[in-house]
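Structure incoming, see below.
Just so it is clear, A, B, C and D label the chains in written order, and each chain counts residues from 1 on its own.
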Amino acid sequence: MKILPKPPFFETSVKNYIYGDAVLEYAMAVDAAAAKYDIDAIFIAPYTEIRRICDQTRRLMVFAPYMDTLRPGRGMTDILPEAVKAAGAIGVLVNHCERPMSLTQIKKTIERANELDLITFACADSVAEAKAIAQFHPDIINPEPTELIGTHEASGMEYVRETLKAIKDLYPDILVEQAAGITKSSQIYDFIMAGNDGAGSASGILKAADPYALLDAMVQSVRKAKDDLKIKKDRRDSHEDCP
Amino acid sequence: MKILPKPPFFETSVKNYIYGDAVLEYAMAVDAAAAKYDIDAIFIAPYTEIRRICDQTRRLMVFAPYMDTLRPGRGMTDILPEAVKAAGAIGVLVNHCERPMSLTQIKKTIERANELDLITFACADSVAEAKAIAQFHPDIINPEPTELIGTHEASGMEYVRETLKAIKDLYPDILVEQAAGITKSSQIYDFIMAGNDGAGSASGILKAADPYALLDAMVQSVRKAKDDLKIKKDRRDSHEDCP
Amino acid sequence: MKILPKPPFFETSVKNYIYGDAVLEYAMAVDAAAAKYDIDAIFIAPYTEIRRICDQTRRLMVFAPYMDTLRPGRGMTDILPEAVKAAGAIGVLVNHCERPMSLTQIKKTIERANELDLITFACADSVAEAKAIAQFHPDIINPEPTELIGTHEASGMEYVRETLKAIKDLYPDILVEQAAGITKSSQIYDFIMAGNDGAGSASGILKAADPYALLDAMVQSVRKAKDDLKIKKDRRDSHEDCP
Amino acid sequence: MKILPKPPFFETSVKNYIYGDAVLEYAMAVDAAAAKYDIDAIFIAPYTEIRRICDQTRRLMVFAPYMDTLRPGRGMTDILPEAVKAAGAIGVLVNHCERPMSLTQIKKTIERANELDLITFACADSVAEAKAIAQFHPDIINPEPTELIGTHEASGMEYVRETLKAIKDLYPDILVEQAAGITKSSQIYDFIMAGNDGAGSASGILKAADPYALLDAMVQSVRKAKDDLKIKKDRRDSHEDCP
């Protein structure tokens, strides 16, 4: 059975900015921050590091960046879903903008992942794409606002609200995460407060002057947003109790 | 500095026939056979298993099944050469028939591998392809005789001799390995005796009734061929000494 | 301004079953049948035949089987939208199952076609795909029921009604055409009567014993369905007038 | 039977810089220049213009920019070799840098073209690629000196001589054409005088201030080089006659 990350969650990856032991070191720092603030954290790891990270961390939810849909057998260079799972991954990215998929491939990848109880984390590039990909009911959608590149923050929040509503209108149980262009912990806080289930950053952290300090601040922001949302909810609930 | 496998060598892989712990178990058996018969063995491992196999074997020469040519940075789903090397791989397949490359990509992959001292193992599909790919001077060429599918053994040996000669005429230092369609240890012996630097089998072993017995017999055949070639050479040398 | 085919319409193509003069001959027969029964007919033509067919037919709506999204400039082997339009095509296929597109490519192709007033005819492979592709608002959707291969007619009609409803619920102005597996003129009649805006056949006609007779019968079926739908509507209207 | 262009020949294309009637107009100008200077000229035309150009020119050797290798049958979006030939093309580009092919695809495309007597015009990106592609024995090789971008003319001539020698050493009957970065008629003259069988330009002409004047000057340069080579040869022959 799949156990989805508990919202609000944090997500990060290393892409190929770092490799080898540096990936493990970063993964352990994310694991430590997740434990410190009691927040679920998704870590998308290069294939070669998945197993070691799974072995040496305790709380991380390790995802593969892609998988093929073949079944055990031939396929010298393909990424076998069973291999990704056996290495310890519990989820997989679908349709990352650097590896775009056809509709049929998206459908098959999500079906294959469901078969193995792998969590599906699908990327979309615009409002229309977010609505399109939601039809296949992945577990998480990350509507990367490519449309927004070069625009200011206000329209950013508008895009965020529009994609969030479009997805939840269709399937309220799909988790929505924002991750594009995040470089500050305050953005993490704002996105969670706006109703997103998760927020994350990859290059924003890895290219920062002090990546570990920023990582800690970002995970702390998820925690703070979680607490503030609870306070708001409690207040609302107590008001509702008033006659 | 690259240290190439010492001919005659053995080569195997699991493609995606098995995954997870079964890959490690098989790799350890290949490692044991390589030690037992004192033969170099190349093991092409799925990305997710490279590091663990490198950590838990002693003699295996572990290769990745493919790599991209990007440099550290972006590339969520790409296979970074530095990542493959950091995981312990010392070589990489180039142009496997299931992942055919353009000429430019072949050239770049070999250059990128050379930069990191990764051994390049290139596949070719016909005599013309073997001659074409030899122009880029990979370390090893595996001229998979796709042309031969459905034909009998005799023409098989003719193809083997033709590709071997074509490659060695161009670059005598390129190692030539035969691997396609090998299901018996006697074929391993015959190919080595015919002058090839290596021979191998993947599905031939994994689909056998007793894979571990066949694996042992195949590596033993490499050893026997090596010894018999030495005897032949010694005899020839001693004859040459005769006045 | 785009002028869409007037429902119910007929659609056919030759894929690569025939080429050269045979394509022109077939196109002229479709043109003649369209005129005879006063039915709009879409003809998807190989690139090399688009101009000649446009020059020598009068009623056909000629579509290209694919186009790239580049703008005039480089691109030796790309299909330039402006070139397709200059040759006389008034529409283009999007996401044919033999050339599946990523979501981003679907979006861009539709936007580029709209810019040039080219009608977009998008293919989908399942109910979920039909709903996904409808998000990008193509002019026509052909939900090829790949899911149905090997199943009987009844579930075929169920699939047809499900995709039709799903698409019209989202955008009532998207035209829906059924084309997969049609080999008899009665199927054309049934699909139109079921509410589809169009129906068509390619290999079903070209592989028939007498392609020209079948072509004529199919276009006649579109006409008959159109007339019968009108009679039904008139009756309904007159009933509504009754107090 | 294939009739290859008679060296020295001229070659040009429009890529996608222009489309529709402008392509025909340009093709007719190339045809006129070819007639005026009695020089064979290859014209690589967009698929949609092949037939019309073949119909309306007399001397041009029209080539397609790419073709697939499928046989008549399915293939909605594929370029059928028979269709390209039926439209009037007598040759086809292979492995253009904007549509790089695998070794297997290069081999199959050349075999398929030979089957239909279509002339094969293969592109290569470096000396090693030129030698590699020569193994498949295309009729013409265009070794685009991508390596030279940003370098000066002298090394340009060195690259030209190296690729020319490498190809002719392997197969003296392969025609060698230079085309990359040519913007002046004097370059056309120099490349022919250096021993190349052909020379050409596409964007160099189309982006010029006066394309038609430059086109005329370039074809005239081929003629002048042809005449000057003949004078040199005649002198050499008469000297050889001297005792």
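Just so it is clear, contacts are C-beta pairs under 8 Å (C-beta built on N, C-alpha and C of every residue); 3 or more make two chains touch, one makes a residue touch a chain.
Computed from a predicted model, the values in this text were never measured in an experiment.
Chemist: Would you kindly say which chain has the C-alpha centre located farthest from the C-alpha centre of chain D?
Modeler: A
Chemist: Quick one: compare the interface residues of chain A with those of chain B and tell me same or different, with half as the dividing line.
Modeler: Counting which numbers both chains contribute, over half are shared, so the two copies meet through the same residues.
Chemist: As a quick test, compute the distance in whole Å between the mean CA positions of chain A and chain C.
Modeler: Computed value for the inter-centroid distance: 39 Å.
Chemist: So the centre of each chain is just the mean of its C-alpha atoms; given that, what is the distance between chain B and chain C in Å?
Modeler: Their C-alpha centroids are separated by 51 Å.
Chemist: Can you list the chain A residues in contact with two or more other chains?
Modeler: Touching at least two other chains: none.
Chemist: If each protein chain is taken as a node and each touching pair as an edge, is the resulting graph a line, ring, star, complete or other?
Modeler: Shape of the chain contacts: a ring, since each chain touches exactly two and the loop closes.
Chemist: Determine which chains touch and list them pairwise.
Modeler: A-B, A-C, B-D, C-D
Chemist: Flag every residue of chain A that touches chain B in the complex, lowest number first.
Modeler: For chain A paired with chain B, touching residues are 13, 15-21, 44, 46-52, 65-66, 70, 72-80, 82-84, 86-87, 93, 96, 98-99, 203.
Chemist: Which residues of chain A touch chain C once you look at their complex with the stated criterion?
Modeler: The contact residues of chain A facing chain C are 95, 97, 100-107, 124-126, 128-129, 131-133, 135-136.
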